[in-house]
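As written, the chains take the letters A, B and C, and residue 1 is the first residue of each chain.
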Amino acid sequence: MGHNISITREGLTFPVWTFNGSVPAPTLRMTQGDHVRVTVLNSKSSIHPHSWHVHSIHSGVMDGVMGLGGMIWPGAAFTYDFIAQPYGVYPYHCHMAPVEEHINRGLYGMMIIDPVYADKRPHATEMVMLMNGYSFNNAYNPNPVEAGPPTPAEMANATTRNTIVNDQEPSNQVYTVNGMAFGYTGKDEIHLKVGQPVRIYLENMLEYDPINNFHLHGEMFHYIPTGTSDKPIMYTDIISLMQGDRGILEFAYHFPGEFCTVTLFRTMMRTY
Amino acid sequence: MGHNISITREGLTFPVWTFNGSVPAPTLRMTQGDHVRVTVLNSKSSIHPHSWHVHSIHSGVMDGVMGLGGMIWPGAAFTYDFIAQPYGVYPYHCHMAPVEEHINRGLYGMMIIDPVYADKRPHATEMVMLMNGYSFNNAYNPNPVEAGPPTPAEMANATTRNTIVNDQEPSNQVYTVNGMAFGYTGKDEIHLKVGQPVRIYLENMLEYDPINNFHLHGEMFHYIPTGTSDKPIMYTDIISLMQGDRGILEFAYHFPGEFCTVTLFRTMMRTY
Amino acid sequence: MGHNISITREGLTFPVWTFNGSVPAPTLRMTQGDHVRVTVLNSKSSIHPHSWHVHSIHSGVMDGVMGLGGMIWPGAAFTYDFIAQPYGVYPYHCHMAPVEEHINRGLYGMMIIDPVYADKRPHATEMVMLMNGYSFNNAYNPNPVEAGPPTPAEMANATTRNTIVNDQEPSNQVYTVNGMAFGYTGKDEIHLKVGQPVRIYLENMLEYDPINNFHLHGEMFHYIPTGTSDKPIMYTDIISLMQGDRGILEFAYHFPGEFCTVTLFRTMMRTY
């Protein structure tokens, strides 16, 4: 399950843990009402137990936190089984503690549940953008401390606790979208036509920063939080998301040009 | 006014200051248009002046910041008198500087103003959840420095100021909901029936972190910011709140199971 | 372009860089559909290239990031030319890297595009409030390091990178609204009549803190995110904004008094 992947165009690598080999993991797409079965196999060479927790509506045994589905040991597997509901955009990720490190290592992806046929969203060029990042502080530590919450003894001793917290505090050295820093630049710029309808499924999985945002240059988008409606609640060019928050952005460029979308990562869009 | 309370199930204690003995303080509930009188008595044994500031609509003299109601000395009392409006969910807290330390110590609660009879919200099982935390850094300091804003001299000297800020910087060692870390677990889990309508009045009073959030597992909720409407603006499973922000969540579990709600604190909900 | 301005009532000064001499820069106001031309001249005495990037809809060459408009050398000028659309509230700022330092130094302002005549907003007393701040850490550094993103070599060496980041990390020592700490206090309090309709165009340009907020005491406001609609999406007393986020607040005080609006800065409003 663990291997190194490139996270910058210059070839900096990071020792990731993955679902199916990539960061982010594959996007899962289905229609509301579909019967879904996801089998997660934790490889024998894995050094940790893992799980698969997806947002949306399902029973407790399929939630990937409690019970058999909440901890899959190396070499074992579990099948998550549910009816997809309601339509919207959802993160999925490993929920083993410390969750932030399992997410930092790359164990997450997006699940899109489409509305049923009669309510289908209008045709558009669609993209998935997961905003994420990498902290090397723990990753390069050969014996990551799986600390858990502080003990009463640690909490009672503010000085010790502060030292513990400060020494371990991870922070992102690399900010990315879809796992790659500055990935959509140069020959990999996104090319769009003026007037072409675009729909972005946006999700923030960045740990170690309290908040992240997405900002479009030279254009405005309609925003549907969580993707659970067909009516946007705002028309803007910037949206702020905490960990696990997500939504749908709909827009079409009015004018040609080369535009930089961002803040913490950079993506170029070229329109004609 | 000051005493120690348990803030973890293992018995870690914190030297709180309280309104009426508990953290959070009692929830106040009324109907829009009610004439409300709240008398705050600062006990003789108190070592600081305090005040009572509530959000919502009222005159300046009842705001708990300026004038007589803005500073109640030990042994003195003040009666806040207002007509409850508009319906919604409101924090109340001591507003004496440094406000963040008076809040860290526990001087806050929730006020719910219900809509008048004709517009009453539909029947549901209701809960109040205040997200909060405790920083020991200042609390264990025998002479807390009530610093106020930096002076021009301090500001002009970046090095000194940084040292001052860094040395004093409090941070949360314990994250809680309704004053207790991991309080709604084990024998205190919340028990719900599948299909049972639930309404949570949620408020974030966490200081020293820029933002906090609430996340429901296995289910989605309708969210009404500030509780000032009967129409939710989003249907999601996660909501982010800065200090003082709050709203109403409405949902019913579709499926049975044991569900962990959260991020910074943990609350278990078991449905049947 | 660089000079010192007072940023507190006590006369603390900060070495700013400005558009037209003030922090924030002048508010630009126009009607949707207007043909707008903004000429930016970088003075000969300037020590950096600068640019002018405005949010809203326009072509790539007028975006102030790529091409000739993206970098104006000392002594040179560029004219940005566009049709104002859509109606709303927009930040403008220098987009030269490091953007956060060019913003910290004062190179930003607000552009308001009004709806066309038939959809004009109702009459109200209008105010512009830009929430901002100042970090002395870099500003007093005689040779600010324009670092850019970390190199792969820096990123690969977590220890070095952390040291680099921590040593340079700027943080706000002074929080302000419209460039002045505690500016609207004392003789400069804002005076309003009970029932007087007020509209605030609010924008957050604070760098080095992940989020900022605005809170009204004793009253509630209707909030229109980005100002791109005539329908508010919430009725509250607190709004949280990341860098570059903004909106319109509409309210009228029900009661007289002296009210403190805030969190990070302080503004007094006195009503009669």
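The rule is short, and it goes like this: a contact is a pair of C-beta atoms (placed from the backbone, for glycine too) under 8 Å apart; a residue touches a chain by one contact, two chains touch by 3 or more.
In this text, all values refer to a predicted model and were calculated from it rather than measured experimentally.
Trainee: For the homomeric pair chain A and chain B, should the interface be classed as same or different, according to whether the shared residue numbers exceed half of all numbers used?
Mentor: Under half of the interface numbering overlaps between copies: different.
Trainee: Rounded to the nearest 5 degrees, what angle rotates chain B onto chain C on CA?
Mentor: 120
Trainee: Could you grab the centroid distance between chain A and chain B? Build each centroid from C-alpha atoms only and quote it in angstrom.
Mentor: The answer is 30 Å.
Trainee: Show the residues in chain A shared as contacts by 2 or more other chains, in ascending order.
Mentor: 210-211, 233
Trainee: Which of the residues in chain C end up touching chain A in this complex?
Mentor: Within the complex, chain C touches chain A at residues 53, 55-63, 65-67, 85-86, 88, 149-152, 155-156, 158, 161-162, 165, 210-211, 225-226, 228-229, 233, 242-245.
Trainee: Using the touch rule from the top, collect the residues of chain C that touch chain B in their complex.
Mentor: 8, 10-12, 136-137, 140, 171, 173-174, 181-182, 209-211, 213, 215, 217-220, 233-238, 240, 254-260, 263, 270-271
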